[in-house]
């Protein structure tokens, strides 16, 4: 117990920033940015502190509790353990980078940053809250601002209505940013319906009139209940984590969203789904998890290969990256489904690694788009000469995504492989490994086309990243390599967080 | 004649009233149908009051009659208002609002 | 304190308004609105400070916690409705202002008696006292063809359902041999078929009042055509009254037999949620859209009712309060925008966020609350009813309700899209009358405060519902 | 000991870090080159120092890298044994020479791109050394991938050339395909034995405690070597990799990285030895690769590609030796080949530098214009052809002896034929480019001293190892007595064919080609292997991805859209019950009441 509510400050600092922006910084874009940078920096500094001060021996730390609705057992209860401490750090890194990467947003920037910061509070809140209902509250807060963020500042793509369902494509307006925003929001809220039902079921069956995770942890739930509640959590959180076939919001949403939102969403929010599955699904419902593990893992394998192949087929740069997230979240889910130490460790580390990597990707895509005003891969070429820094960072992100050693991606994927072969379904290893090969194919092809080869005609003079944008790129690249070389820094806390999970998984 | 006959009678009247309400074109005719339905209710009340040997049913019937009058008065007023602006009281033509 | 204190207050206010209208000439008529509002302020204050307690008429009229809770709700929402009506334009309205407020107050009186009624006769009379003025109010703009048409539809459907209800009441009386509700509840032991039949007919009658699917059909037409401040009030207060009466008839003192209603009400809730939400989807007129969304909300309240438990009932009460603020607020914003843009079409909202950002934020808050999003009242409302249903084991209903909130969000977000994403057609801000602004602010405060600190109201609702079982 | 080894490993890494993190230094170009060269020079010195001290026993150091609940899951560290030390010296030496050579070779580059080059070079040196020193499979995999990355970056060094960009990607993909097997194999091995560690694994192998059924595992691990060491059928990337700068080809694609596969097989030989079927496969594939590549080298006209196919062929030799259970022979050939093939590439680079083309048909009489380059090239060629007393003779003989001793008749025959072809195609190059009668265009002249000195050092080493072998007797393989003679005869025959065809012109090359009709036809088309790979890539992978892309967009997402469109449509349909006619609304009440009655009858 600390006397200073560190986690609360981490969580609410962005929200305070959002309020300040709304009420004080009218028509002053620079002030808006500075407030945003400061607010996120405060959170970031404190989450680095939390990460450094984290004690792997001590279970939940930085614990705070404040009763909200005592009659129903709802309280504002925060804490970090090994499972979420890294994700808090991830959120901090991504949002700091995101603020810098979207330094150039000029249209309605006041509202943009206010919504962005509100969203961030939601994300932090989900990761640190230990009360299931408050967890859910923050979850919704993390989803809704997306609608406006994508709808107002997003960009539309083009999808030709074709095939059997062409009429439905016309009816829904596929491809526009409004469509993407609506799809993303509704899909995720649809998922939250399942989560809510699951949380209620746990609350009711635990019978101790408490939504606290710590109380739920003490309860051994009936195996039959565990089975269906786990399924509800899997569907609900799985939608956010992009499981096949409920993933289609993600490419459209991420492709349409403005840079910082794509970064935050693909980088952090999708992890939030996986975190939910590990935290609520596996940790609270070990019997349910082992009952459904074969389904979860099989779908994860499908995600890996299918996502990679779909990414390869895309012509739009942002869609490639978006589908790569679908593929990589498959690795996370596969690691989780193995229910082994190595696999779960790999999954949690992959959440972090992929978060950073995909954040970097979207930052880069945003920069390329901003400079070249095109996302169509075939039209671009030879950008490497004009933007060597962006090209290098893109290659780095690509290498991490294909699991090259010395980047964080390798450690995560390798541990997942180990876990997969150790699990009840060793064959999972093969699609997983094949997925990394396919990743190499599409990522390098894209990198080659855009940055290498002959320079494409009809582009204005292009420039490399500048000033604040460098902060974003350098920060993310550094983290990617740093944790790739010293994975123990992250894996120490993860191990400590996994210990109780593994203990509960024992039959 | 037992209770059952009264109840059946009331049901018949009620059904006739409902039939009138749903089939009459003229708004005034529809009002008459409503009148029938409410009167069926009165028959029931009185019959039950007798059967239960309690006065409450009678009281209820009285109140119902009073309320019926008030309702029909408001109804007629509305019909007149409609006739003023639309020059028709044909229920089939009153579908400006729909969907 | 006599149990009738507040009712007497309302009756007195009616007399004062009538007097002012009769004596004061044109000026007096103009002032009736202000008088009504002032009177209501006093009454609201009284409702929160005085403790009318006890019963009268041999238990036919009770002033228990539920009744007091409901009366505060009625008075408060009527106050907002009256305040909003003060800015209604036009000489036509001004000249007949006395009638307008008088009708409003008499309907209010009906509601308040209904909330206390524990006798079938009183209940029926109060119900009609509440309903009949509404028909007249719906057609208040008697020169407009839509308004009178809507009034006729409202009237027809209303009286037919009154007749059905009265028919049902006759069987209830016939089987239970009494008009006192405790007697009826006792008679339900053994579930005599005629009694059940009668009560179902009563349920159908109330279904009309609360606008459950498929008894809802008058709702969209009436809402679209009647004047908006009235609709804002119509969409909340009578519904609240209907629910309170439902509690009295179907739950209070029924004991174990209460589970009889669970599947029926659950089914009614399910079709209402589905029907309301689906039909709201294609709407382009905002008032009509809100009408259908209101039907869906009734479905959610029925979910709480379907739990047939104290907590479920309490959650419905909470829901009603949250709904009062959010729905009235939304209607009032619609009124403001429609009056400025001359259209109730969705397009009137284009670019509102850039024209009048605060108004847009207010509307957004109302929509989020209606959509059931955290940190505004509607979230807790939905959560609580679903939670109550989950406690009652109605998981399928919880899931259905939760999934259809997604459909609901679609059309709320469509409005949000018009306000925030689309560019404005005109740059200048929307003019806002002071009384209207006050109402909107009150609604925003209600929505936000309840969203951040639902606990006191939850406790109050739980207390209010505690005596029912 | 440890600190010296760390210095070998660390110096290039520090150079890399410095260049990567200090853009001004990197963009300076020459400064970056100096840093890199100094680092690898220091590394070379440390490696020599290590090598010269006799090693009593294998030294292993480990540090935890990936923690786990019960002991480290993965550790990193150092594994120092004689083989590793020899390899260290080879790598540092060739890397040093190549970096020096590049100083002059790449004088035309802009400073930033020169800086980039040396950054990559330092990274490569570090990665290759890390691979050599790896004490377990995971560290080997890590550096294995990193050298692949460097190869990718350096092949694509001139990234604005489409061919280079394509070749880089192709190289990465193809080796990566092998790595899929490698990774899988490592994971399988871990599951079977519970460790990645060489010491533990070798101990288990020595004590015959390895679990049974490792064949699949070792086969998968071998796949990694197939990709990296360009064995059939994954050899297709190596010729294309010649799009990179020539010094890179010399270092990475001849001397060091491509030999990593062989090194891995020799390193893990105790494990392979436990799975005879895999060993046999290695030998067969190696021999077949050697022959196949040799035939393709015969028809190539690009001097670097000839050398590239020759490299593939020689890698096949090494693999065959390893497969014949003679890892020492394989490693010996690896070292000698590393030296003389680097020599050949660097000399070829000097030639290309001088004449500005890769095509041997456009060269001629260069020996007279470039006497120094010609001499060293000839030394390399003789060594590669296996002429006594150059190093190649001894190592090649060791390989052939090993294969013969392992009773692998057919592979032996293939390798023997390869020896003949090797001499033939190499002398074809020599005669066409350095002798013959065609005058080259321009005024080619010998390379500057910075390029020449590395060439001479390599040439001298090639001769020196050979002479040492001649004086001490070859490396322990008990070769049949007739073997040296046969091997020399084969080489001589090859040289003879080249002489007759390309120098004396007694037989026209066209006639020879006609005589070997189908073979020539196939070899020129690379046996259709590149086309097949391209077809698999375009047809299968891309076809599948197109299909998935379509399915995702129009079926999976289509269903989502259909659902939402249906919902919207259902709303629109349902709305029609709201007819606007009051009497229909009354019906609504009646129907609703009826439904209530029915519902109450159903659920009671």
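To keep things simple, chains are lettered A, B, C and D as they appear, and every chain counts its residues starting from 1.
As a convention for this text, a contact is a pair of C-beta atoms (placed from the backbone, for glycine too) under 8 Å apart; a residue touches a chain by one contact, two chains touch by 3 or more.
This structure is a prediction, so every number in the text was calculated from the model and none was measured.
Enquirer: Please give the intersection of the contact partners of subunit C with those of subunit D.
Expert: For subunit C paired with subunit D, the chains in contact with each are A, B, in label order.
Enquirer: Could you tell me between which two chains the number of C-beta pairs in contact is largest?
Expert: After counting contacts between each pair of chains, the winner is A-D.
Enquirer: Whose C-alpha centre lies nearest the centre of all protein C-alpha atoms?
Expert: Answer for the innermost chain: A.
Enquirer: Distance from the CA centroid of subunit A to that of subunit D, rounded to the nearest Å?
Expert: Averaging C-alpha atoms per chain gives centres 36 Å apart.
Enquirer: Approximately how many whole Å separate the CA-defined centres of subunit A and subunit B?
Expert: Between these chains, centre-to-centre, one finds 63 Å.
Enquirer: Take the average of all CA coordinates in subunit B, do the same for subunit C, and state the distance between these two points in whole angstrom.
Expert: Whole-Å distance between the two chain centres: 26.
Enquirer: What is the distance in Å between the mean C-alpha positions of subunit B and subunit D?
Expert: 95
Enquirer: In subunit D, what residues contact two or more other chains?
Expert: Correct list: 568, 575, 578, 580, 582-583, 586.
Enquirer: Show the residues in subunit B shared as contacts by 2 or more other chains, in ascending order.
Expert: Counting only residues that touch two or more other chains, subunit B contributes 18, 21, 30, 94-99.
Enquirer: Name the residues of subunit A that each touch 2 or more other chains.
Expert: 186 - these are the residues of subunit A that touch more than one other chain.
Enquirer: Go through the chains and record each pair that touches.
Expert: Here the touching pairs of chains are A-C, A-D, B-C, B-D, C-D.
Enquirer: Which of the residues in subunit A come into contact with subunit C in the complex?
Expert: That would be residues 68-72, 108, 111, 133, 136-138, 140-141, 144, 147-148, 151-152, 178, 182, 185-186, 189-190, 192-194, 196-197, 200-201, 203-204 of subunit A.
Enquirer: Considering only the defined contacts, which subunit C positions touch subunit D in the complex?
Expert: It comes out as residues 152-153, 156-157, 160-161, 164, 191, 196-197, 200-201, 203-204, 207-208, 212-218, 220-221, 260, 263-264, 267-268, 275, 277-283, 407.
Enquirer: Can you check the complex and tell me which residues of subunit D touch subunit A?
Expert: Subunit D residues touching subunit A: 64-69, 73-74, 112, 138, 141-143, 145-146, 149, 152, 156, 159-160, 162, 165-166, 168-169, 172-173, 176-177, 179-180, 183-184, 187-188, 190-191, 541-542, 544-546, 548-550, 552-562, 564-566, 568-569.
Enquirer: Over in the complex, which subunit B residues touch subunit C? Could you list them?
Expert: Going through subunit B, the ones touching subunit C are 7, 10, 14, 17-18, 21, 27, 30, 34, 37-38, 40-41, 44-45, 47-48, 51-52, 54, 56-57, 59-60, 63-64, 67, 70-71, 74-75, 77-79, 81-82, 84-86, 94-99.
Enquirer: Can you tell me which positions in subunit D touch subunit B when the two form their complex?
Expert: 575-576, 578-583, 586-587, 590
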